[in-house]
């Protein structure tokens, strides 16, 4: 009786799972561009995986927070797609002084804060003070290091004065969203992280903050007094928290969510296939992202490093802390391990083709990127084995694992737990290195433990993680000897050649010379291999087709949301429900 | 016409007969005493009369009950709908263990009122006064307090009276009292039986009194049914049985009863009471019987009419 | 009764304090640094110090502990989240509401299903309905709720699209009238409640079936039958009340299990509850939230236990006498 | 041996449970030896294959054979559950014996501790403990054991109380036997029945907790996997790659049912009084 019951139950489950749901007939509109007049209205629902930590531009760190902030706040100017030139936003225009040491911004005069107060030059000055306040710890603080002072000449004119000339002066000046002085002036910088403002931001952007339901939704509505008359067109943007990926995907498919960023490549490919067959209203969009993943090798011996740290002697030279790691201290071993990795297969497997194998340190998104400058290590396990045996690693005891002086080549590859892509990549690397007789144990570690203890104290063998890059290139925190004891310099890489190249690149003002230094740095690092770069990721996003005028490029999804609009005929059920 | 008539009642568990061919009838106003030792099937018989036996037991025979308009119904073949109108309202029953028969988590007043509720939808106040008078009738003082007590808060005697009050709540014409006094001490026993006797006359109650005590039977009953291991040994008028017991078992009971009265040591019956599950063949009493004959072990003895109102089931009755 | 409740509350205070002290020690002694997740390579290296100071992690452990305990006991202030700066107490309380909603609905669901099926099984004891039900309930009793949740989610939400896959309410919830809102809640809660409730109903089912069988075989039920009470009255009033009593004593043990179960269900169905708050706080080392959430969980369990005991003594008159006698 | 077979024959749910668990144990122990695949050999070109003749239960992301992984995962799940149970039973028995036999203030303190620990929502606390440290197998076993010995302690204690009052213990005391001898020779054998029942039921509940933990991403490290981890891997796409979550779930449920059946059956046999009712 019982067994019959289970049998039926299992059959029922299998049946429901295996039969494909009813085929949905395409409702996709055939005309992508509609020449009739743009109408206002419509609701955009953005699916997000985690609640933003703060809507205060000074404290925001996650991509989600930054996205929402980009809708509520405005900068002085926005960068263009070429990543060189700028379009004025809150500034009307700007002029460089003849000695190129200051920039004068003329501000727009018809801009209002969302609470109705007028925007003025005082807000710019106040924002600069907040951004450079060490007690707040804004993460873009390094942009402002070149600035000597910011002064308001009158309500609509601001002057930025710089220490020295640099090609990035304008970028440094306009970085960061402008904050309302009349609200935040009363908050002390120590209490900034607890301010009510972080939960109820007031900005000058096209959308106003309306409400925040804990762990559920954040709603922005149209700012009717936006300075660009007639914009934005959408009534409302709702950010809906859906932590579970499969849940998020199914809501995207069912139309409960219109836009999702950072889809899993596997899901993205499935969506793309449907889209190409004309069976879906979800438009997949991919663009060059900001992330790359790599293996970081620990070049020095962790125990020796720890002992030296215990001596608490600040006068010791850096060389004293360095005892080459028994595995990765040798550049040749690192190059052998790199050659033993089939980066192509790895990249395709974990990214489903939505990433580009990466050989050197310069992110593909930057103008400084030059693939030819990198040293390429091809996939060649035979060569790798040869190099390893030259280095003394061979399988003398025939247990399938290389060894040297009785030490087997066995190490832990740590990665952040909860990140499926990294877990998968670590598992594949384990398999690939096993083929040349290197035994890898992947180990998943809590982020707090990983970034809070293991990496800063260099207590690891090898780590697989990724970085998110900004629009400027700075490798000093990762490889420069001046940051040897800081948390992100966890490889223990120490090269005077690198130091001098890095210093020189920062002193130069000539773009062509700087590019030359960058190429040299790329060549040096890809030769020395403190990291083995794995792949550069393409961002996979999707947006419902009813949204028109959507511009998406390597700067991200939310470049021109004030221009997005929905034709009346294509309004969804949710659009209509909100319109009443 | 008799109020209740039992015809050939047999109860069996699977193939094992527990009660076999029991017959009796009780006229309105009469008292029948069912007498026998512990384990002879008395309680089972009581439950059979109300058709509340567990489904694992199969019952044969007929129990005819005279409902108010001179119509007879067969309790054993009636549906629950009809039985609902009989149980509690026509036939009340007091169980052997009063405490066990009271629901431990429902207040006394509520337990009585639930029985009343079935009967008529009188309004709350009349219902309450009816409950109070019932409690007074069974001799409980301080009725308002008792109304709100739980069964375990009552003494044994009070519990017994409470059970009686519940049995009487539906104004039954027939009351089945299953060893109502067995759990009480002798004084309380006496009081309780007096109460039953008074009630019997006051509200013209027909009574089936189950007892193992011949004293009780002789004092109250008009008729007697003597059971031995699920069989009827003897059935007839109390006077006849008392003066001229025909079955050796009845005789033995009487002897013991007599011995107690005269304060001498009774002669115990040889052997043991057979278990209902595995009774001896033939006459169930024959292993212990001093008048045993070869036939006794062969088959069950037939009914023997002694005087038209006195019957025995024995091959060799005492003449 | 009042003094009994007060005594119980007084007894439970040390339990809570021991509990949160242990929690405090565990999270503060564990390796890793809550501030680190906010850092990226472009930040100045002093930022780590700033964060440590901001979170008050630079003091000695016992000073941190005393400071924290003072704050909690005298100001009912659990500090602010490391992650988003919100007051921890507010965050946790607002997370408790959905959890309570989920837990109470599941409890009611489990009670209804468990009691109803338990009665059926007891009435048809050892017959076909009883055997089918008992086997089925063995299945639910042994099913991890996360699997049940994934299966329900996969079939009814993703494959068939009958129920929403996440959240407590629709986006347009506020636009609806009250009946619409109620329907909206029901629509969102059905799958999570089944997921949390079914395994629980299997437990209740066992108790009710046992209790009902015991009650139905008892002398007082036989006596009640003899009194001519209707079948429904016998089942639902006379037997059920008796078999509910052991169930209520189980209720106290059920509450911690319910909270543990809610944790998983909230993760699967993306519900904004205490469990999910706890999971994400553990993963991000958000100390104030972890402490506030565990304190609240302990208090909930203790209050729940107390409630169960009070109800128990109310339903079972025999117990009440005993407690009165003790006091 | 004959007695054992008799016991097996006397209860149908015990019979069924023993069959289920033996099959699962054989499946886990012998399965990986017989399987043509290695639990950890990747074949990225066969990623997420539906069940077929060559892979009866399909493959996972890395193209590993799911059946083989489930067999291997069974080893880990069962090892974790068995060893945690073993520790819990040892702790519980010691505490229970001490509490019941010595009594007095020790008993009060221990029982208070039991009450406190029972009041904590188990998963909450274990999640906290495991989430705060390295997620290693040994740690999971330790914490599971630390939070599940209380029921055992209670049962042992109350049985010791009963046994202590019984005549044979009294007479042993009167004979002047040493306390340890009394405990081990006279009391312990008398409480093994209920102890075995609750041990079996504990195994099933620990399997559930372990898989919940693995499901939340805490527990076994890759490339090893317990059933819960495999189930969690299937969560990436429960509809598209349904076989992973469905089959790993089925085996967890079957295993837990097996232990529960054994527990119920043993209770029926060892403790007929309460066993009849359930």
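Letters A, B, C and D name the chains as they come in the text, with residue numbers starting at 1 for each one.
Keep this in mind: a contact is a pair of C-beta atoms (placed from the backbone, for glycine too) under 8 Å apart; a residue touches a chain by one contact, two chains touch by 3 or more.
These numbers come from a predicted model, not from an experiment.
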- Query: Which chain pair racks up the highest number of C-beta contacts?
  - Reply: A-C
- Using each chain's Cα centroid, which is most distant from the centroid of subunit C? B
- Message: Please identify the chain lying most centrally, where each chain is represented by the average of its Cα atoms.
- Response: C
- Query: If you average the Cα atoms of subunit B and of subunit D to get two centres, how far apart are those centres in Å?
  - Reply: 55
- Note on the structure: Rounded to the nearest Å, the gap between Cα centres of subunit A and subunit B is 90
- Note on the structure: Between subunit A and subunit C, the Cα-mean centres are separated in Å by 38
- Could you tell me the distance, in whole angstrom, between the mean C-alpha positions of subunit B and subunit C? 53
- subunit D: positions in contact with at least two other chains: 131-132, 134, 235, 238-239, 242, 246
- Check each residue of subunit C and list the ones that touch at least two other chains. 30-32, 138-139, 151, 153-154, 158-159, 267, 283, 285
- Item | Which pairs of chains touch, using the document's own definition | A-C, A-D, B-C, C-D
- Item | Complex contacts: residues of subunit C adjacent to subunit B | 218-231, 233, 237-238, 241-242, 245, 315-318, 321
- Message: For the complex, give me every residue of subunit B touching subunit C.
- Response: 47, 50, 52, 80, 83-89, 92-93, 95, 97, 100-106, 114-115, 118, 150, 152-153, 163, 166-167, 169-170
- Query: Which positions of subunit A touch subunit C when the two form their complex?
  - Reply: 1-2, 5-6, 9, 13, 16-17, 21, 45, 50-54, 59, 61, 134-135, 137, 139-142, 190, 193-195, 198-199, 213-217, 238, 240-244, 246-247, 250-251, 254, 256, 418, 446-453, 456, 467-468, 470, 474, 477-478, 483, 486-488, 574, 577-578, 580
- Residues on subunit C engaged by subunit D in the complex (per definition of touch): 15, 18-19, 23, 26-27, 30-32, 138-139, 141-144, 146-147, 150-151, 153-154, 158-159, 206, 209-210, 213-214, 253, 256-257, 259-261, 263-264, 267, 275, 278-279, 282-283, 285, 290, 294, 297-298, 301-302, 305
- Item | Contact set on subunit D toward subunit C in their complex | 115-116, 118-125, 127-129, 131-134, 204, 208, 211-212, 215-216, 231, 234-235, 238-239, 242, 245-246, 249, 252-253, 256-257, 260-261, 277-278
